[in-house]
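Each chain gets a letter, A, B, C and D, in the order it is written, and its residues are counted from 1.
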Amino acid sequence: MAWDRNQMAARAAQELEDGMYVNLGIGIPTLVANYVGDKDITLQSENGMLGMGPFPFEGEEDPDLINAGKQTITELDRTAYFDSATSFGMIRGGKIAAAILGAMEVAENGDLANWMIPGKLVKGMGGAMDLVAGVGRVIVVMDHTNKAGESKVLRECTLPLTGKSVVDRIITNLGVLDVVPGGLKIVECAEGVTEEELRAATEATIVG
Amino acid sequence: MAWDRNQMAARAAQELEDGMYVNLGIGIPTLVANYVGDKDITLQSENGMLGMGPFPFEGEEDPDLINAGKQTITELDRTAYFDSATSFGMIRGGKIAAAILGAMEVAENGDLANWMIPGKLVKGMGGAMDLVAGVGRVIVVMDHTNKAGESKVLRECTLPLTGKSVVDRIITNLGVLDVVPGGLKIVECAEGVTEEELRAATEATIVG
Amino acid sequence: MKKVYATAGEALDGLLHDGMFIAAGGFGLCGIPELLIAAIRDAGTKDLTIASNNCGVDDFGLGILLKTRQIKKMISSYVGENAEFMRQYLSGELELEFNPQGTLAERMRAGGCGIPGFYTKTGVGTVIAEGKEVKSFDGQDYILERGIVADLSIVKAWKADDTGNLVFRKTARNFNPPAAMCGRVCVAEVEEIVPRGSLDPDLIHLPGIYVHRIVQGQHEKRIEQRTVRKREDA
Amino acid sequence: MKKVYATAGEALDGLLHDGMFIAAGGFGLCGIPELLIAAIRDAGTKDLTIASNNCGVDDFGLGILLKTRQIKKMISSYVGENAEFMRQYLSGELELEFNPQGTLAERMRAGGCGIPGFYTKTGVGTVIAEGKEVKSFDGQDYILERGIVADLSIVKAWKADDTGNLVFRKTARNFNPPAAMCGRVCVAEVEEIVPRGSLDPDLIHLPGIYVHRIVQGQHEKRIEQRTVRKREDA
């Protein structure tokens, strides 16, 4: 037993507070938008938009209106557009309260790797390095282990970093962990997951 | 015999070419706008405007529309407004083809002093340091000598500098001089002024 | 998330403390946050450091905070037109840091954009360069200037919606966007708050993410130098 | 001063040379200067270094200049979605300099604003920091990134007037303003050229000073990922 993708997204949505400006990555983080409920959250798309709306109805797609994943989207009554330098100015300047991102690996000191696997096709970091360096709070949402069953929550990252000591909280299918001095602290376990199971699946040092 | 203020402004206007974006300082430089004739010149006001128009008709003053001298002005059909960071971005980035400015002193190496006299009331440099450092061509328009009859065209400036080696051309009531390697070169003498008179009134080295 | 406050005083409630650093928009008396300045005077907050291109005139704009001795230091490019400023400065009561106008604007924008330092040609070889790192790029010297991050930004816009999206009018835009960007908290005063959705998203000058509190009010909008031309008869 | 040209080819006439450095606007296939890219292909200019966030897809956008082997080097943040790119890169035919997206945008803006270098936290402790100066401000490390100045900028806007004032539409603005700023010469393609005076001076996104030549034309505006939702019955 563990959380599925939607449960992870729902758990991540609990991190968001009324009035926050938030950037959601591709994959599970995108699903977080479905679980914010009544909270007044404004989504940023780093290609130059605050107040990102849902996908358009069929036939209403606008080639001039896409998100950072290059998908057609819509605007809201609060939307503002701006250029890429301004967009990353607000990211780098800490105006975005939180980014919720996927990851390949996270280390116990908050190091994050999510942009390249040496020897494999390298597509680029896009805006990920700017986001993790700049936003107020970096929350990683990912599976706790890879397909081979190996922990993705590590003592040290093995892959090239996206950011050094940037992650604040990790939400996986097995639970929630915070990056604290000395290692990771278990915040909660997913439904049906024991603390022992969570510890066993984690290579990183768990403190407290 | 020498040029008066309007003749100096008219001479300075000859420096401007079709299509140029230009910044005019306070005083005689402001008069240059009266002499551009048919040339397609766009005036920048560094408080955030391209396409500065003339003063408004009485009763049509707009407190939201002033120039860098804080005077009420008007807009044209080519006008664009922008913020101060953008405005000085275009100045610093060399997008303004020329600035025509007044000066207290100019030195033969192009040093310019026009913002402070130690011991006197200091009001500040405003945008002058940015302009002389950034624009394509700096043209100084001033009287050749001060009220005491002393040359303002010097070997070295005695006043605190606005910019180091920034002046390209000097237009005074006595003539026109260019900053060249080794000193200043006489480009022309004002009507009724001999080269000897111009040399005699100039402390700076004249070459060629 | 409620951003709209009823008065300038309420909009500043809890944000003021003695010794704080404030960035203010405006150029001359154009586009200045006159209501917020008056509210700071009424609050009596002291020992202020204020980054603002100018310091108003004796009885309007930031000048009114000079009269009440609330300002400890100004970071400005031009402070003429203010006799009380000169008196306090020459008597050593007031500190003054001159910044070239473009350097000041860029320092604010940089601070708001997470850029702690940038290089510029402006001021190289002048007193402005004293004590600053000089670095050569492609054979030319530049000086290092620091980004500014203020405790509070006070700005003035023309219109806002209730999410804080701002639109400015003509040259009253000036320092307001960079000043707004560089504050940890930004309060904006506006002439009109319009319903959400009535500002074209393509035409918003400053997105609401930069604006934490908004107040609407009547503005005097004083003209500093009224210059006019005569209507020529044809 | 005539800025309007009849075709993209004419608008680029005299501006192209082998080995030149071009900055291009656009994000993905959104807001890309598709007409100017096609004209560069037709001109056959070789050994190009191009700063652009992406490199199009195999048969559209900058991808068409890959097919013709006109590109020597790309400066980009993301180059997926392009098989030919990967083939040329892995075979060593194409150079690639990865820049974080925000660093690339700021490098363009900085170059256009006369800022040869700025410090950023982005990339500290990663491969991006390799070979770059590290400096500490207030106890935190930052790396020095350089401003970009290109020989030529190519951008796409929605509307222009004949003085080059530009207005963009929705997220098609993206890299176009910073790319336009950083070019020694900038050519803009637009969907519509409107009469002088018909753009509100308060609502111009990029003033004409940045734009040297303009061409109007039909745009394909291809959608890269068409995502939709169903109309739910109430």
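Operating definition for what follows: contacts are C-beta pairs under 8 Å (C-beta built on N, C-alpha and C of every residue); 3 or more make two chains touch, one makes a residue touch a chain.
Please read these numbers as outputs of a predicted model, since none were measured by experiment.
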Comparison of B-D and B-C by number of C-beta pairs in contact, larger one: B-C
Counterpart interface for A-D, drawn from B-C, A-C or B-D and sharing over half of its contact pairs: B-C
Distance between chain centroids, defined by C-alpha means - chain A, chain C (Å): 35
Intercentroid distance (Cα basis), chain C paired with chain B, Å: 27
Centre-to-centre distance between chain B and chain A (centres being mean Cα positions), rounded to whole Å: 54
Two or more partner chains touched - positions in chain A: 75, 81-82, 88-89, 91-92, 134
Multi-chain contact sites of chain C, meaning residues that touch two or more partners: 106, 109, 113-115, 120-121, 168-170, 173, 201-202
Chain contact graph, described as a line, ring, star, complete graph or other shape: other
Which pairs of chains touch, using the document's own definition: A-C, A-D, B-C, B-D, C-D
Residue ranges of chain C in contact with chain A within the complex: 1, 109, 111-115, 161, 163, 165, 181, 196-197, 201-202, 204, 207-210
Of chain D, residues touching chain A in the complex: 27-31, 53, 76-80, 86, 98, 100-103, 105-106, 108-109, 120-128, 158, 168-178, 205, 221-231
Chain C-facing residues of chain B, complex: 45-49, 54-67, 69-73, 75, 81-85, 87-89, 91-92, 111, 121-130, 133-134, 160-165
Touch list for chain D against partner chain C, complex: 106, 110, 113-121, 135, 137-138, 140, 142, 146, 167-170, 173, 201-203
Chain D contact footprint on chain B (complex, rising order): 18-19, 21, 40, 42, 44, 50-51, 75, 77-82, 88-96, 134
